[in-house]
Amino acid sequence: MNMTLRKRGTGMRLTAVLLAAVMVATACGSDSDDTSPSATTVATETTAAPEAPETTTAPTTEAPATTATPTTTTEAPPVGPAQGGDASVGLEAEAPGLRPWEDTCSSPCYNMMAAVFDKLFEQYADGSYGAFLAESISANDDFTVWTMNLRPDVVFHDGSELTAQTIVDMFVVHQTGAQSAGVIASSKLINVEATGDLEVTYTLSGTNAIFVANLSRAPIGMVFAPSTGADEDAVTAAANAPIGTGPFMVDSRDVDNKTVMVRNPNYWMSDSFGTQLPYLDSVTFHPIPDEGTRLSSLASGTVTAMQSLRQASIRDARDTEGLWLFEHQGNNTGGGMFNVTVAPYDDARVRKGLITMSNQAATIEALGGEGISLPTTQLFASESPFYSEAIAAAYPTHDMAAGSALVQEYIDDPDRSDGLAVGEKISVTLSCPPDPTLIAAMQVSQVLWEASGLVDVELTGFDQATHIGMAVGAADGTFIGTHDIHCWRWGSEDDPAAGMLSGFGDPFDPSGAGALNFSNWYDEEAYGYVVEATLTDDVAERAALYEKFGLIMVEAMPIYFSGGTATVIATAEGLGGLDSWEMPDGEAGIGHPSAEGRWSQAYWAAE
Amino acid sequence: MAGSGKAHLRPEGDALVSVEDLVVEYPVAGGNTVKAVSGISFDIKRGETLGLVGESGCGKSTTGRALIQLPSPTSGAVHYNLVDLTKLSAEAMRRRRTDLQMIFQDPISSLNPRREVGEIVAEPLNVWGPKNKAKQKALVDEMLNAVGIDPDVARNKRPHEFSGGQCQRISIARSLVLEPEVLICDEPVSALDVSVQAQILNLLEDLKKKYNLTLIFIAHDLAVVKNISDRVAVMYLGKICEVAGSDELYENPAHPYTQLLLVSSPEPDPTVVLDRSDTSSGELPSPINPPSGCRFRTRCPLADDICSSQEPQMQEVGQDHFVACHHPLIKVAEAPAADPVWTEA
Amino acid sequence: MLAARLVRLVATILVVSFVTFMMVNLLPGDPINALVPPEAQNNQEFVEQLREEFGLNDPMMVRYANWLGDAVTGDLGKSVITSQPVAGEIWRRLPITAELALVAIGFSLFIAIPLGTLSAYKQGKRVDQSISAAAQVSLSIPNFVLGLLLIYVFAMRLQWLPATGWTRLTESVSGNIKSVILPALSLALAEVAVYTRVVRSDMISTLQEDYILSARAKGLKDRFILFRHALRPSSLTLITVVGLNVGALIGGTVVIETLFAIPGLGKRLLDAVFQRDFLMIQGITVFVAVVYVTINTLVDIIYMLVDPRIRKKV
Amino acid sequence: MSSFLPSWIRTMFRVFWAMPLVTKLCTFWLTTIILAAIFADFIPKLADPSYQGFLFGTDVTNDGQSLHHWLGTDNNSRDILSRLIYGTRVSLTVAVTAVAFGTFFGGLLGSFVGYVRGRREAAIMASIDVILAFPALVLLLTVVTLLGKRNLLVISLVVGVLAIPYYARVSRANALAVSRREFVAAARAIGTKDRTILWREVIPNVMPTVLAFALVSAAVTVVLEGTLAFLGLSVQPPTPSWGVMINAARADLRINIWPVIWPSLMLVFTVYSLNNVGDWFRIRTAHKTAAL
Amino acid sequence: MNASVTVNSAEASANTNGASLLQVSDLHTSFSVQAGEVKAVRGVSFSLDQGKTLGVVGESGSGKTVLARSIMRLNLGDNVNTSGSAVFEGKELLASTMSEMQTLWGNEVAMVFQDPMTSLNPLVKVGRQVTEHVRHHLGASKAEAKALAIDLLKEVRIPEPESRLNAYPHELSGGMRQRICIAIALACEPTLLFADEPTTALDVTVQHQILNLLNREQQERHMAMILITHDLGVVAGRTDEIMVMYAGNVVEQAPTAALFADMQHPYTEALLRSIPRTTQRSHTRLAAIAGRPPDLIDPPSGCAFSPRCPYVQPKCREETPPLQATDNSGHKSACWFPVGTPENKEAFEKNLAARLPQTMSVAEGAMVNTEMLQEKAATQEERN
């Protein structure tokens, strides 16, 4: 993980408190066990986590060269941050609703949900899973029955208590939830039972070694008050007045304008110094979709923090006086996909040729992110336990001649799939969501491809919803989409299993296993490795399986990468703690991937 | 009056145009109906000039337009050459238009500002006449000459380059190029200066002779109407009050309204003794809700009960002199002979 | 008359609602795609259930009839995306857009009427030429460019006003005023130009009327003539233009609300279209149509109040 | 000079000399950009609007003005000047198409109903009310999304269709006034067919006013294209339009303001010129009509 | 509102000694337009005594309305140039400031306009229109003004004056409106009233009533009135003196009876002869005036009427005849060959012999269209 605290102009005025907090965060990353101050935390019994630290230790500071990570060591002061202060956060989009099981949510929305709800499990800085609202979990041998214990004495905002029955009640709601139903299906969950006051037993229909990952995702991992599911009206109301156990309670919500949250005085968690969380009295979220005005709002003091997933905004934020920047670039990577059922993309030579002609460095520059984000070659960043050097080596690098040769080969092929005469140029269509930086990046590909003299390129723009509508295949396999080449954002810090199952399954499978396989590329052998990876919790084993899959895919090239996605949370000077939040056991949490801030442990540094 | 009746109509066959019980009404905002013309009858002999005179709002222009079905009257008949124009189909009426032509009050507005004079005058020919350009040009030139416009000078000019009088000449040329039988002149001189007015009146007289026209001359100026007409019908609020030969009417007005008009008409002669009586009640009632009985009774010094209850009918008060009044200013002649003798007007 | 107007109003709204319904249904992309997470889209049963729940499986005419039946009772359905009632969403956002539009109109009239009057009074003079030139320049600046400029100057440089967001009147009056100024100005400037021109040209023709001459011949002061005699007859076109501009203004608020992150109706409509939130599109569109038709009916009434000649006819 | 030049050119010169200085300049500006739009293809290859020098190591992104690139380069290191010139083509095509659409359909429709009146008028004006009551944005988004393509033709057509009601209203009001003139009654009196009257008497008299309106509405259209671009709904990049250029350069506003400034200036100059010339034309038409 | 004014101060001071209420000397007014200078009034002088009525007669374009507005300083626009002198009650109007004029307007000098439909503000109630200047000039209270308004409306014979005050102009008929306009003009008891074609827009019966009303008020109030009209019939019985204007000049001026009894100027004569009368037999051939009114931007040299005059002689085309008295009765005319003189007769014979079109038309009763002939002659000249 690549966590960076950037300060500009005022870095020297950082207080000791802040320095200490940063220390904790970095230290935890490398050595999780020693510094754990929490005696109350029971180590999780899940087997997914333990080995992870070994493979991913010491997040190499591959951050842009100017990063000045303060490294003054072990002068942790006796007290942590103090309570008090307010924050207002500019988000790049409004949440459609604040119901984890129901509402479509992306990173700006998770900023809000995470403030209201606690998840059963959270990720450590290294990406492994640790208990959060749960205390522990264990599975049987074939990973079909999981027994979880909940943290005692946790109360919801409305005063009701968290019990095993709460989780059972939640399952009723989950089964009809637009978001949760999918997770239930892919996690093979079929039954939830209260086997004690605080003990819950999950029954699965088949082996799922990474079930904890599912419980750490918002749709079924976030815990909401049982009263929510009482009737339809309550469910509807919960969209804007959610009730969780989280650090903040929704005070008022004016959709598209602001959502005001105030401190939950009964929050169960305290920091390692014993200060009850959260530090802030209130946090207000403002959706400000326009990148420029969001940064202007921060610069002019209209808000005290903002998040962004655009390199250009990071660049501009770095140039703005008086801001603290919390940057992150994890497994998120930009890229795209070919619809391999449509000529000429059905020929691997064309796909590989086009990718070889592409230039990641230039694309990153066009996105405004020179020196901000890095080229990528696969779904995983180099720090990920699943990262493969072999795939990285196999992924084509920018080479006009080699790329042209591949396309030329196709063009000269008398059996070329697009039915055109030998020697005629191929025509391709590339589409991205209509965002200025993505459009700039598209045009780089276009010029490079056309520079070969072998390709005619048409650019179009579709927002994500339209694209999904065009690309989603009918379950009976009669329809495989009308799309051509489309921009996509790949990867996340979550466990890769779920996404890969539906994303690379057989699109023609009547059961709909590969409905989300928008590229329509299916390789039986490769997919076999993906399925196999859900049967074990051994990370190395899984990494090896994903590598095998990846090596097949890098030959077929149904998808491509255009560079990592850098993200940032920028704050007004003095508002910190976003990268240093802790798990209940005192170890460092995963930070803020995709600019999802955990506002429970953000604080104003004392003057 | 102003009343109804057809006593003044002449035997069928004598008249080139005869109008019977013409009614024109049109709706206005608020669900009301303007009763512009309420059952009038009159006739015109071939070669005759009929003057329609009355104050604004009396329905004289509406009557003129109703004659050529622009728009068609609400009810009543308009016979032209024994054909009832109101019964013709739109297309058949359109074909008839060549025989009945009209000239309008505002000479400038009645010419399309964006077209050249040559085109304007040739337009009727484009619709009906020879399509041959040379023939058209010859006809247009002849007609422009006849109205006193030099075709060589005027042909390629646009209306705004001409004075009002000249525009009226052009518009007369246009209306005559199809050699109509009847020319309806709707206030053709009221927008012109007095010095030009005389030119146009003279021109109309000349053209009438030259082309053997039958004229219907609509105007509010009594002197102008008298000058050009053989027979004059006085209108008031959608009705005809009095019909007579023009000299007879002006010498012996039988209807109080006619007399009022004559008295009010300014004479350029300081020796004429003016009626200085202060009549302030003299205002035209609304055509939406006209008075009962005789429509003039609200302003008539002679009005009594019968005037409000009964509508006066046309009766003969002198030779070819008819009036619709309960109290005509000249004695009613003996009951008209069964077979009246008509004099050439 | 009133009945006829009402019939026409209802007919217009019906047609608008039907056309919207049709168009929204023609849009490529299924709202379900936006609603269901990728992982769940292969769960046919689940998708079907959702389709059924939102009535997406009925024929279009049936769906329209159902919608219309509910709409008459004030129920405009639920957003497919947020499952919030559409009517509630509209009512919640209406005050914001309405305030924005009203303040923008107010701003522009407040500036345009005196300016247009002055310009007409000094027709051909340097003052008139300057005002006309300024009006043309301000008409030439797109409102989003102006908005960016205003944010830069007043929010970033001077820090007098907030760059984004909205404070409701019920929360804080001063906050509300602060948050309305910049967006309303961005909307108003072009309107100022249009209205100034309208007032000027109407005023010029009014000043040529005989009754202005006769008012002067009565010895009245110029200022009195301008404001007590000339202004009212010169405002008739203005009233019509303002009424017609309400439609354009709602279009304009889409951009301005997006730029200034204001939770108004325009922004919601834009989002709804992008999200295929068809009941939301439907609801807002019909609502906007109702507002538009109502305002133009109001304009007619104001017309009547201003011009007694029309009052008589109706 | 007069003898060997065709009369319409002489008329144009005469009209041009009669303009006030500012209007002359505006006309000059409009002529220049129209020529630029027509001959955009002939600008030197070096200034290819889609040439991204940085890909081939010759140029820098977001560069300021230089001898090579008079107005600098944008975020894709393309020459701003040549993109402006190409953008002229888009903005003017949208404006011209919309104006042509509006003038033709709206003008004819309005003239027609203004002349025939009656039920047809009521029906057509009612449907125009419906279009006006309909949020234009919804129509635009729907059509653009429905067609899937955002090329010049689609954008121009949509904007054109949206313009029709306004033209129809303007031309109807004028046709009403023209139809009341006596030359129309005179034409009917000579038995001219309604269609002929419409084409020969009414429309020629309505059109000058509609054309004056068209110039001003062209200005509105140019701004509208910019607004659409701001919402990401105008022509598809890499085709440059001024609005698209402003929108694309907005992301890099803080490091290079010129790619925003130049197209904004083009927009402002052009809109100003269209308004100015339109006003002049309108006043001139009004004077002429009043004189008649 | 900002016409340029040049005051002929020498004459102005000379004339202040006269006892006349209004003394106008050598008044010129022109309008600058693109095509040139429109010379609307070209040197008009006259005087008017208290309680007298002066009729100003002329066709459109003769300058009669401009003359009235120039005296009142009511011409609008930047393009108006007025010079000469107009002394009212010893005060030089052309040298007065606008605010001085504003105190005179409506107060001392009032005006009734041609069209009562347009000269009342359609959006303002009648009551306010009648009283606003009363309150302004006389400082009357609202109630006083209202009482005065009711009196005035009674005076001008408007029935139910109280309720009419609340009416809008469109609710009244044309005659009523003109009565209101007269009431407005009379409200401050002016000493001079301009009536600019006050009845042209009205029907003949109403015209008669309005003229009677104006006459009566003028006599009762001993007010001076200038009645402007194109209709000789209107002024015939109702004025003390008549001034005939043609192309910005006064061509003949005389006491009313004298004018009609002995027309001296060919234009006056032609004008009268071209008007049809109810006393003439039907189909009486009218003596139309040949040609059309002159172009005021480039008026003909010499006598402006010369191109249309049947008696025209070379002298007429070269020298402008002065307006001069022919006898002691105050009858003045501007003609080298006044009608009724032997010189006139001789000129006519000469022209007849030369077959001058306008002369022929008079002689032959206008069988030939003179306008056409003239136009042809003009084109001929142009070609040469």
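Things to note:
We just call them A, B, C, D and E in the order they show up, numbering each chain from 1.
Heads up, the rule we're going with is that a contact is a pair of C-beta atoms (placed from the backbone, for glycine too) under 8 Å apart; a residue touches a chain by one contact, two chains touch by 3 or more.
What you see is a predicted model, and the numbers here were worked out from it, not measured in a lab.
Here the chain-to-chain distance from subunit A to subunit C, counted in touching steps, is 1. Taking C-D and C-E together, the pair of chains sharing more C-beta contacts is C-D.
Chain centres here are Cα means. That of subunit C falls 24 Å from that of subunit D.
Centre-to-centre separation between subunit C and subunit E, using Cα means, comes to 54 Å. Averaging C-alpha coordinates per chain places the centre of subunit B 32 Å away from that of subunit E. Rounded to a whole number, the gap between the C-alpha centres of subunit A and subunit D is 46 angstrom.
In subunit E, no residue reaches two or more other chains under the touch definition.
For subunit D, residues touching at least two other chains, in rising order: 145, 148, 250, 253. Chain contact summary for the complex, subunit E toward subunit B: residues 59-60, 157-159, 173, 175-176, 179, 203-209, 211-213, 215-216, 230-234, 236-238, 256-257, 260, 270-272, 274-289, 292-293, 366-367, 369, 371-372, 375-376, 379.
Contacts from subunit A toward subunit C in the complex involve residues 90, 96-97, 102-104, 176, 178-179, 181-183, 185-186, 219, 235-236, 239-240, 254-258, 286-290, 292-294, 296-297, 299-303, 463, 465-466, 468-470, 472, 475, 498-499, 502-503, 505, 511-516. Within the complex, the subunit D residues that touch subunit A are 50-52, 54-56, 61, 75-76, 145, 148-150, 232-233, 236-238, 247-255. In the complex of the two chains, the subunit E residues touching subunit C come out as 1, 72, 74, 76, 78, 101-107, 110-111, 113-115, 118-124, 132-133, 136-137, 168, 170-171, 181, 184. The touching residues of subunit C, counted against subunit E in their complex, run 124, 207-211, 213-222, 224, 228-229, 232-233, 306-309, 312.
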